[in-house]
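Two complexes, one shared chain (chain A), two partners (chain B, chain C).
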Partner chain A sequence: MNKLKRLSPATRSNYLTYLGVILAFAILQPMAAGGKLSPTLQGQLVPICAYVVMTLSLNLTVGVLGELSLGHAGFMSVGAFSGAVAASALQYSIPNGGLRLAVAMVIGAVFAGIVGVLISVPVLRLNGDYLAIVTLAFGQIIKSIVENLYVGVDGKGMLHASFLKPLTSLGEGGRMIVNGPMGIPNIAEISSFIAGFILILITLAVIFNLVNSRAGRAIMAIRDNRIAAESVGLNITKYKMMAFVTSAALAGAAGTLFALGQPAIVASKFDFNTSILILVYVVLGGQGKMWGSIIAATFLTVLPETPAMRGLADYRMLVYAVVLIVVMLVTNSPAIQSFFSRFQKEAERENGKGGEQA
Partner chain B sequence: MVIFLTRLINGISLGSVYAIIALGYTMVYGIAKMLNFAHGDVIMVGAYVCFFAISTYHLNPVVGVLLAMVVCTLLGMVIERLAYKPLRQAPSLAVLITAIGVSYFLQNGAQLLWGSNNKMFPAFLKGDALQLMDGQLRVSVTTVVNVVVCVVVMLALTWFTGQTKMGKAMRACSEDKGAAQLMGINVDTTISMTFAIGSALAAVAGVLYMSSYPILVPTTGSMPGIKAFTAAVFGGIGSIPGALLGGLLLGVIEIFAGGYISTQLQNAIVFAVLIVVLLVRPTGLLGKQIREKV
Partner chain C sequence: MSERQKRPPTKLVPVPSVNKIPERDINKAPILECQHLGIDFGGLTAVNDFNMAIGRTEIAGLIGPNGAGKTTVFNLLTKVYQPTRGTILLDGVDTHNMTTAQVNKAGIARTFQNIRLFNNLSVEDNVKVGLHNQVKYGMFQGVLRLPGYWKEEKRAHESAMELLRIFDMEDLASHQAGSLPYGAQRRLEIVRALATNPSLLLLDEPAAGMNPSETADLMDNIVKIRDTFHIAVLLIEHDMSLVMGICEGICVLNFGEIIAKGTPDEIKNDPQVIEAYLGKKREV
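Entry: the complex of A and B
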């Protein structure tokens, strides 16, 4: 315990985040294996993990880099489709589900990362609301492209792809994988809660290591004051791109995890509303606070399915909207903020030094 | 040639509706510096009010439109007062999330009140289409009404912001709220008034949009909302002529992309053009180039 106190507040908070995730897994996994969880919650474990990773990765863009992205679901879509295609194509070459999932996730992350690089070139030249609208535009473009994509595999195991028109050249023994607007209709569900848990840990490790490195400090300096950062010689584009592409790749892996846990996926699942949903998790969890993202994503994914909310039936989305507005009004009201800052000051006085933001 | 002209006219017709919505977006952005994501849903509410006025209560369509404008004006002011005013000093992301919350609220409220099934908006703009070029080119009444309403709204807004006391107060507030307040301008009233005008325009746009795309559901407003937002950015957000230009161009590009390239890629092309424009002119076509001060 003494050792824990000697660590810097940021490192301590990072270790506690890992610990929290491991504890949650240690409690939930035996329950899930023993069938103690309700069927709805059981079915939600993999999507929750995917949304947690999505939220963490968006928090890297919004909280750490300080740029608003309204098209994060686009990266999820790229990861979901490329990963699911890879998993389907490798079905016979890699019979082991876990290994195939890992390979698919890497492929999903790489593809999403490549799209991230392509997008970041125009996006990172802009600032503020203009950057936000361009990410929104990219989200829509990715959705339109994926909706018109046809991918199949022929008898020899070669991939064929076509755009806008259905594939006709698959021949003997071939099969369709991605079917345009119908998406991928039959997915072998190989995602598991354990895989989701490992992906969350990897994501946390990537983000914490990035944030606590020289590059991470540069990224935060850019967030806090771009002009000052530029004037001390930081390469703005390089660091912005680093954060943006990392975020995209992690979202791609999350997309693969999500897709391979579903019986079927369609491109319209990853639309503007999904991007917004993830953004809501980030803001409610606290920008730049990774543990907040994990709690917000878990809680808000489960909340609409809890018995209490189910009782509200048709009213639950309305209640969700009201909760969202009230939380924003309350957390930003000057009266409440001064109330909390009083506690914070007292705590700081007891510690004898200014509390560092984690 | 006839096909080209027909598409151009359709594009201008759709673009006029986008322009009216974009005007609302741009005014609110100019003064409150916030992206009002609930604007699209105000369009939907306006369309529903007009729908019920015409088809359930059999009122005159003009009365229906006026009623929709009144309801939306009040709705806009209430939203501003309850949800946005307390956040005047808050970070912009908090305001954005609140706007999304309001948008969810309106969509789900509409679904509870009016059901999620499709409603067919009655065609109330009846009349013979204009025949041009020996009857080869037909311009429908809807198109004429869209363009006329758009031009009238545009002229009225230009006059309003340029000549009236309230309009000048709006321009002053959008430049510098603090200085405007020192000059004796009531900033709260001015912002409230901006939301009122923007929402009234949204009601008009909602009814016009419905006369071209008559299927009414609680999520009807989202897509024209996003498109009009794009149009506002396209023309330079905060600029009234920019909104008009952006709206018209977006409508024409959308129809041309659908007609000449592919209907499935229509939206993708619209957004791709937006990205190219922002790369060349980072603040939109008619937006002010703002120098960053250190």
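Entry: the complex of A and C
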């Protein structure tokens, strides 16, 4: 415990985050295995993990890089569909579900990462809020593309894809995987809570280790002051891209995890509302605060499904919009900021590290 | 203080064209040479026909009334703005095609008139960002925590602490940069700039907002920095005691044009400079 106290506050908070996740898993996993969870919660374990990873990855873009992304669900969609297609195509070559899931997640992450590169090359060169606008459009475009996409596998295991027109010539032994607007109607559910738990840990490790490295310092320096960052010789575009593409790839992996835990998925599941939902989780949990993201994503995924709240389901987006506005107003109000910073200063002084008060 | 006064008076030697640099630097190529540098903002000519050379280990001053174009000169040198006219030679190399980041890698580091720190990072991390291009490991080594990460991070930590020691700031290493008092923020900006291993350090009003004793310390430290790192310093400052105390060569700017160049003594007695600062004498 003493050793924990000597660590820097940031490192301590990182360790506590890992610890919290592991504890939560250690408690929930035996309950889930023993059938002690309610069926709704049981069914939500994988989606919770997927949304936690989505929120963490968006927090990398919003909190650490300081750019606004309004189409994060688009990356989830790319990861969901590419991962699910991969899992389906590999069904016979990799019979082991866990291994197939891992491979599918890597493929989902790679595809989402590539799309992230394609978006960021033109956009991140610009300064200003262009990324928000472009990602907003991107989310819509991905949805339209996937809704018109037909992918199938023929008897020899070769993938066939077609855009706008359904596939007709899959031949003997062939089958459809992605069926246009119907999405993927029959998924072998190979995602598990354990897989989700591992993905959360990997995501945390990637984000924490990135943040506490040379590249992470560069990313946060750019967020804090772009002009100063340039003046000390940082390649702005490179580090913005690094953060954004990492964020996209992690969202892709989360998408695969999510898709392979559902019986069926459609493109409209990953729409603008989902992007905003995840943004609300990030803002509520606190920008740059990873433990906050985990808590916000978990509770806001579970809460609307509880019997008491289900009646309000229709108002969910309305409530979130109001919450988002209130949080933004509150955190940006100088009066409230100074109120909280006074608290913080007092706490610091009590800890005997107030230093010089100017 | 005393050490500074013992320094022998510098004799400025004219070099071809219109520049003067200290005697000890005269046989070396100047670290910086500006030729006919100029920039227009729309119809406003902010800087025009700016010619200046700075010796390898010179402390030079750039002074002038408010709005004279001093900060704009810094922004031209660091490519925050692209010059409309003229050339900048850094160590003999034309910086024509360089970006701000490339100019820094080539050897110019700067501070800002309105402090620009990485406010949410710790003091130590601010310096480490300055050390960025000296620390050699990639993103994957960092994320996977390979041996290169630990080795280089240790080195970065040691260099950062050593640099902070210049201003006795090691104790503040873990503090958040944005929460430092004003004077400490200015000093941290200088440390961060030094961390990039420059050959020319540009300081934009380093003593602004400092009290007299802080300013005196700063003067000593600027000289100390020059002497330990063997670099050139160009500083903008309104505090005349600082400028006259440590600058060997001074360049006076008014309405974007150089109106005088010389040693502190020459500048003090230059009628045009007096007029620019005090206004024209009324003829009776």
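The rule is short, and it goes like this: the second predicted complex is superposed on the first by the 314 of 358 C-alpha atoms of A that agree within 3 Å, B and C clash if a C-alpha of one lies under 4 Å from a C-alpha of the other, contacts with A are read in each partner's own complex, and residues count from 1 in each chain.
Note that a contact is a pair of C-beta atoms (placed from the backbone, for glycine too) under 8 Å apart; a residue touches a chain by one contact, two chains touch by 3 or more.
Quick caveat: nothing in here was measured; it's all calculated off a predicted structure.
In the superposition on chain A, A:V206 makes contact with chain C only, while chain B stays out of contact range.
Of the two partner chains placed by the overlay, only chain C lies in contact with A:S8; chain B stays clear of it.
Using the contact criterion defined above for the overlaid structures, shared-chain residue A:M242 touches chain C, although it does not reach chain B. Residue contacts after overlaying the shared chain place A:G233 against chain C, while chain B stays out of touching range.
Once the two complexes are overlaid on the shared chain, A:R217 sits against chain C while remaining clear of chain B.
In the superposed model, A:I145 makes contact with chain B only, not with chain C. When chain A is checked against chain B and against chain C, the one touching more of its residues turns out to be B.
Taken together, the two structures place residues 227 of chain A in contact with chain B in one case and with chain C in the other.
The part of chain A that touches chain C in the complex is made up of residues 8, 205-206, 209-210, 212-218, 220-221, 223-225, 227-236, 242, 355-356, 358. Within the complex formed with chain B, the chain A residues making contact are 62, 68, 122, 125-126, 129-130, 132-134, 136-138, 140-141, 144-145, 147-148, 164, 227, 272, 276, 279-280, 283-284, 287, 314-315, 317-318, 320-322, 324-325, 328-329, 331-334. Residue ranges of chain C in contact with chain A, taken from their complex: 78, 80, 99-102, 104-105, 109-110, 112, 116-121, 125-126, 128-130, 132-133, 135, 137-139, 142-145, 149, 152-153, 156, 172, 174-175, 180-182, 184, 192-193, 195-196. Interface residues of chain B facing chain A in the complex, by the touch rule stated above, are 29, 35, 83, 86-87, 89-91, 93-94, 96-98, 100-102, 104-105, 108-109, 111-112, 222, 226, 229-230, 233, 237, 262, 264-265, 267-268, 271-272, 274-275, 278-279, 282-283, 292, 294.
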